[in-house]
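Below is one structure, written out as structure tokens, with a few remarks after it.
Think of it as A, B and C in the order they're written, each chain with its own count starting at 1.
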Amino acid sequence: MLGEIRKIFKVIGSGWRYIILILLRSPISILMTIVNALFLQQAFNAIAQNDSGQLNIVCIIFGVASLCTFLYNGTVWSVYAAPLVTRMESGLRDKLFRKVSSLSYERIEAMPQGEWLTRLNTDVQMPFSESLPHTAIAIVNICVSAFILWSINPAVFGWVLLFVAPHIVFSQLLIARAMPGLNKKSLEATAKNTGELTALITCADVALLYDGKDYLMKRFEKSSTDLFGANMKIRTRNALGAGILPLFGLGGYLTLLVVSSEWIADGHLTFGDLTAAFQYRGGVLLGSLMLINCIISIQANMAGIRRLNETMAE
Amino acid sequence: MSIIIEDLSFSYAGKQVLDNIHLSVQTGESVGIVGISGGGKSTLLKLVSGLYDVQQGRILVMGAWDSADRRKNVAMVMQSAGLFPASIRDNITCGHDINENDIRRACDAAQLTEWVGTLPDGLDTFVGERGGKVSGGQAQRIAIARAIAKNAYVVLLDEPTSALDNDTSAAVIAALEGLTKGKTVLHVSHRPEILTGCDRIFRLEGGRLYAW
Amino acid sequence: MLYKRKFLSVITICASGLTAAVTLWWNTQLSDIINTVSVGVSPPKEMVFWALVTMLVMGATNYIKSYISGYTCEGMTHDLRMGYARHLTSLPITEVEELNAGEQLSKLQNEISGVSGYLNANLFQLFDDGIRFLSTFIWLLFISPTLTLTSNLPAFIIVVYVFWSSKIIGSATERSQTAKGQMNQYADMLLTLFPIIRLYDAARITLDGYTSSVKVWENQTVRLERTKAWLMSLSGVLSSIPLLFLFFVGGHMVINGVLTVGTLYIFLNLSGNVSGVLMNMPGHIAAFRQFSVNMKRLSPHVLIIGKGELQ
């Protein structure tokens, strides 16, 4: 996988600049998590100490920090990301078009037109999908959030892990693993249904002549019912996820609340620290789910990237 | 008389396609109509078959005036086979209960039996979307088998071989003989040489019918 | 379509209402737990037990809501497909032939897939958001009208901003997509006319044409991305304001003894149900507008009859 990505970026050029972009984008999400977490921590601490002045200062700092974070995001996006990525893609499109133009007619005829069009119009976008930057963002989010959680209180980190790990495993086992197969069946059912609908139009005269309208309608109804069934399987999985997964989240929440009361009583933790810990917990959880989705997405994009490399190597 | 057409006129999208057509076809007779592409030949067949409603004039087929009743008395083979995305069997029966022997007889007459015998699933072979998994000639012979299985008194042929090459046409023409034997036939084409076997030939020009 | 599945539609809406009610009940218990934990006291076992029970009930209601809304939406989409098919089979052959020849078929199929996509993704989400918003807003108003209004007022301003900015982004996106379409047309031309291009040595013309269309697309896309960068970053800044107001006003209310920490926490927890829903409204409204346009175009082509198709 890495080899193919390296190859295509060699063709595109500006590989180092893309790496810089990923490095610039990677802290954005963790910055927002830290700003929110620190705000909640300091705000609740100020409230616990009945310190209005401190609360005002915390609110002002939060406002400024949010502004700076989004200013950073906007600057990186506008000044660096937008022109760099767009120019890289247009460069690749140009190179690919020239390459295909220079191939022999025999080579062009060897593949259906649709496949060439896929390379020129669709595959060419794959190297620039958001999956790579989001992978970096997710990794930074997970590592920094986990580190901060550990430094707040190792026991808190342990409890968080106890609920986040099964949450991720369960969501993968229950939903993510089954989805590609279920989606494939749904697409097949959709294609069948579209075929039957097309037949209602293209074979209308034959159906009328041979009294086959009812027959075609019955076939269409069956294909529509099958499509309903295929989609309901996806819905059921999602419903199970909606029902079960939040239990891990809420369960972890409740458990942390209950066990932390002693630490708060002993002075090892403040309520503000606890609310900050919930934010970092979110960072670990969402970062992990994002990482898994990005890996799946990169794997899906690899087919297109491989095709591009094959074409450019001809 | 199998087919009687009286004072038939038809216009479509503001254009007069057929103008005051008169035609009578006897039972068992084969009539050919020749005309240029876009001259109204297919429209005439669609009116006779009951696919289109008559705007002006009358059409009687085997004693039936009404479009729905006329459709029951005709079988038609068109330029495009018009296959359902279904098996060969379902394309022949169109979902109706037809005796297995009758299906096989239709396949024999349409010169399909030999080819179907080579298929692993036989008559249950899926023909593909718009008949994509079978050749043009095979698709037309399935359409002919369908027409034979219907066992209608009147057979309408709308250039069934025009989209095929010479060799394939020959096979389809042989299959058509199985369909048209003993039936009343109305055959339209833009090539007069196709219609040499007809008892009478007419020319459709400017929406009007003339003797050839 | 809703009328045809009225029983299921009502059950779905009731399930949304039940889920919203259970969520609010969970938050009440959370508030009590936080009030004890924040002063370093362990919550009583009974409190924890009922919180656990509420959690399980919440899981169950989420499942029921998700399943039933899915079943209802899929059912309505099935009705739509059947209605369209029924309409097609009722057409005279002349009209069907016209449909076959023209682009109408693919246009109609795109509209059907747009409508079914909306039904599946958004229709009951809209009801769900509406119920969550209303129930939460009213409940929070009941607890503390001052805090509810001050923390959520910025959201209304943000909604106006989101409406305005999404229109700008929408136009810029359309321009970029048009330029992309031009680019893709050159790719299509290259492949369709490849032998001609080779025979008549016409590569230069196609290359020049493609290069200039790529340049146009590049300029439009950079402009689009820069527009998005600033508008969406500003949107991010503005979306922090409700939280800021919540703590600024709510924090002082806790310090002054008007409110408890637990109550402030549930305002924090439920802010997504109020300001979050409000800020998503422009997206929902845009999607609903597109859905209405598609439905208007489709309804002459759909014959929905009597009860639901699926028994």
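Note that in this section contacts are C-beta pairs under 8 Å (C-beta built on N, C-alpha and C of every residue); 3 or more make two chains touch, one makes a residue touch a chain.
Every value quoted in this text rests on a predicted model; they were computed, and no experiment measured them.
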Q | Third chains touching both chain C and chain A | A | B
(Q) Let me check something: if the centre of a chain is the mean of its CA atoms, which chain is farthest from chain B? (A) A
Q. What pair of chains is linked by the most C-beta contacts?
A. A-C
(Q) Of the chains shown, whose Cα centre falls closest to the middle of all protein Cα atoms? (A) C
Q. How many angstrom between the C-alpha centroids of chain C and chain A?
A. 17
(Q) Just the number, please: Cα centre separation of chain B and chain C in whole Å. (A) 53
Q | Interchain centroid distance [CA atoms averaged], chain A/chain B, Å | A | 57
(Q) I need the residues of chain C touching at least two other chains; which ones are they? (A) 93
**Q.** Multi-partner residues of chain A (each touching 2 or more other chains)
**A.** 198, 202, 205, 207-208, 216
Q) Out of chain B, which residues touch more than one other chain, so two or more? A) 46, 51
**Q.** In the complex with chain C, residue positions of chain A that touch it
**A.** 36, 39-40, 43-44, 46-48, 50-52, 55-56, 58-59, 62-63, 66-67, 69-71, 73-74, 77-78, 81-83, 85-87, 90, 93-94, 97-98, 100-101, 105, 108, 113, 116-117, 120-121, 193-194, 197-198, 200-202, 204-205, 207-208, 213, 216-217, 220-221, 224-225, 227-228, 231-232, 235-236, 238-240, 242-244, 246-247, 250-251, 254, 257-258, 260-262, 264-266, 271, 274-275
Q | Interfacial residue positions of chain B with respect to chain C in the complex | A | 12, 46, 51-53
(Q) Give the list of chain B residues in touch with chain A in this complex. (A) 46, 49-51, 71-72, 74-76, 78, 82-86, 90, 94-96, 129-130, 143, 146, 150
Q: Name, in rising order, each residue of chain C that touches chain B in their complex.
A: 92-94
Q | Residues of chain A touching chain B in the complex | A | 195-196, 198-199, 202-203, 205-212, 214-216, 218-219
